[in-house]
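Read from first to last, the chains carry the letters A, B, C and D; within each, the first residue is number 1.
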Amino acid sequence: MEKETGRLEAFSDGVFAIAITLLVLELKVPHATEGGEISASMLAGNLLRQWPSYIALVTSFFTVLIMWVHHHVLFKLVRKTDATLLFTNGFLLLLVSVVPFPTAVLAEYLATPAAPAACEFYAGLFVLIGVAFYLLMRAAFRESIVDKQAPPERIRRLRRNYRLGPPLYTLAAAAAPFSPMAALAICTALWVFWAITTGEC
Amino acid sequence: MEKETGRLEAFSDGVFAIAITLLVLELKVPHATEGGEISASMLAGNLLRQWPSYIALVTSFFTVLIMWVHHHVLFKLVRKTDATLLFTNGFLLLLVSVVPFPTAVLAEYLATPAAPAACEFYAGLFVLIGVAFYLLMRAAFRESIVDKQAPPERIRRLRRNYRLGPPLYTLAAAAAPFSPMAALAICTALWVFWAITTGEC
Amino acid sequence: MEKETGRLEAFSDGVFAIAITLLVLELKVPHATEGGEISASMLAGNLLRQWPSYIALVTSFFTVLIMWVHHHVLFKLVRKTDATLLFTNGFLLLLVSVVPFPTAVLAEYLATPAAPAACEFYAGLFVLIGVAFYLLMRAAFRESIVDKQAPPERIRRLRRNYRLGPPLYTLAAAAAPFSPMAALAICTALWVFWAITTGEC
Amino acid sequence: MEKETGRLEAFSDGVFAIAITLLVLELKVPHATEGGEISASMLAGNLLRQWPSYIALVTSFFTVLIMWVHHHVLFKLVRKTDATLLFTNGFLLLLVSVVPFPTAVLAEYLATPAAPAACEFYAGLFVLIGVAFYLLMRAAFRESIVDKQAPPERIRRLRRNYRLGPPLYTLAAAAAPFSPMAALAICTALWVFWAITTGEC
């Protein structure tokens, strides 16, 4: 029984760990623009000019890390798995595994005129992830599989927090066309918020 | 004894989790066609135009996920490992690890005149995977390693289901030259079918 | 105590599983040689023309798989870890993690005049891996960490087998300049040999 | 309780194992400089000319391996997790997951005039990692979560060692503008030093 949850958690952990580590592939070694040699100061300049990549990576890294912590918190309250849990979890993992893509789009276009579309795309994925977490929470807290000994106070708090995810990320997505940076700031504020509200982990 | 199966399962889970997460590498950040800047609406258009990539990724993701669930179901009925199980399992893992490649081919050519060949290639891999699962099932249910307490009803049902894999995927492969979309629809229908028939997981 | 070996084995398994799955990245989606569209039959032809990649992948996949099995066999005979075991194991993992690179070189050049150098490079890595396995075996079977209950017969057999690795792979490397295909055939024969001699796994 | 640390350790191990294996992606198959065919001796020459890549990979591989060992040593002295440990550990994992990037930069520019900037960047990351390890050590050895039975002698030794990390890597970073090779040599000497001082692992 608990062994089932065990293997599901281990598989999910694997996907989280791989997705979070694949983010590094978004960073590209700068090349000399012309065939010519590149000097030390040019290389330093090129590395600094990639700041949007670093911001995108750090934001995505901590967001995925927080999601992993929350996934952990949620599964500690679950007694066993069933098909519904398996597929809502699968839907969440699909979205998590895909995070490196909008991150790379954001990194490439954050400092260009296309930033609004890139941020929209990025925030859009997190709206979906917010929905997936909400669905997973609903699947996890069903009478038939929830741990009977789970403190009701804790379940109530998680329920409330997870309901906040989709509207807050929608806010970020709505801000993107007007101010890409505001959208990013909301995304960052949100992972800090999830981190703090974890409290008990 | 069970520790052996444990490490084999953990290794297999690793390959499944990595293969499923590597699918994201198939998604490519769209670049400006000319040296010029790309506008927000152009970027949005380019991202939408990549719909074949998204379809390919989602189909492959859920197919691999279902395969992982079935792998799990199968190994719960096995008491210990031997060389035959190890190598049929190795053959399956080879095919699973390779899934990102036909997925990328499908993504690149689904919306082009080369779609029939791409779908053929894609469905062809799943024919092989169907065969590998059938062989793994046969290896797993041998007298010498099957769990004596496994419910015979369940083994009978799995036997029947796994026999269906190769012919059904062959049907998809046969449809590909005439209608790539029909081939893809069959592949999608099949993972939904495997998902439903899992029932007990 | 056994927990230490446990975490070392889990880490090693991770590296084996990732290296074996990264082999797929060596397969490249064929592109139209000119800007023009690619037809279904051209795509099919291009996919078939990549046969050296498929051979390279399958050979490397099964070789790494066999190495994982042997790693497993070896660690079952070890009671605890120490610095020497940790570093010989680290040296082996370095070489395992690097396998996708010579595999990609082999895939790209097997059907070209540069095949001798590519096969030399490929076989050369396996000479080093043979040496690493031999060193790991020596480290594992030291009085201070070997499992006292390990059957001496089994240790003797493993000792003999592992001594064969370096000379046999050196033979493959020596054959490469004259016949790349012979070198590859020896490499393939060797993983079949390791597979059979595993016997007890 | 210990299960929590267990899942955190497993997740961290995953990130270490993936980051260490992704280093191989930095190695690039050499291509013919012109459209023409490449001969066996040209391929051999090109593979040898990539020595900076091999040096960069080996240095990074063993550094990450040593970090993994130290992470292991540290967590054996911890009784449970809390938010602080989770986030200092997250900060360390972020930096570990990023190691393949400066490694690739180093590989590409070590044999060029831009080597000072590349080595600076590489050593700079390890300064940060040294800081992260120091912070993690402080978080781990707090009264509230440290294992009460941890030998004080051992904690004292670790405390002293980890305090050395940031200044010693800063020394490497300071040397980089004058002698890239000296910077690299210090980095190499440091992982040998960490390896030796591990002693008990």
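The criterion applied here is as follows: contacts are C-beta pairs under 8 Å (C-beta built on N, C-alpha and C of every residue); 3 or more make two chains touch, one makes a residue touch a chain.
Predicted, not measured: the structure shown is a model, and the values here were computed from it.
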Query = Any idea if chain A and chain D meet via the same residues, over half in common, or different ones?
reply = different
Inquiry  = From the mean C-alpha coordinate of chain B to that of chain D, what's the distance rounded to whole Å?
reply    = 35
Key: Centroid spacing, where centroids are CA-atom means, of chain B and chain C in whole angstrom   = 25
Note = Residues of chain A that touch two or more other chains sit at 10, 14, 18, 22, 25
Ask   = Considering only which chains touch which, how would you classify the arrangement: line, ring, star, complete or other?
value = ring
Touch list for chain A against partner chain B, complex = 7, 10-11, 14-15, 18-19, 22, 25, 81-83, 86-87, 90, 93-94, 97-101, 104-105, 108-109, 112-118, 120-121, 177
Request  = Show which residues of chain D lie in contact with chain C when the two form their complex.
outcome  = 9-10, 13-14, 16-18, 20-25, 27, 29-30, 37-44, 47, 57-58, 61-62, 65, 68-69, 72, 195, 198-199, 201
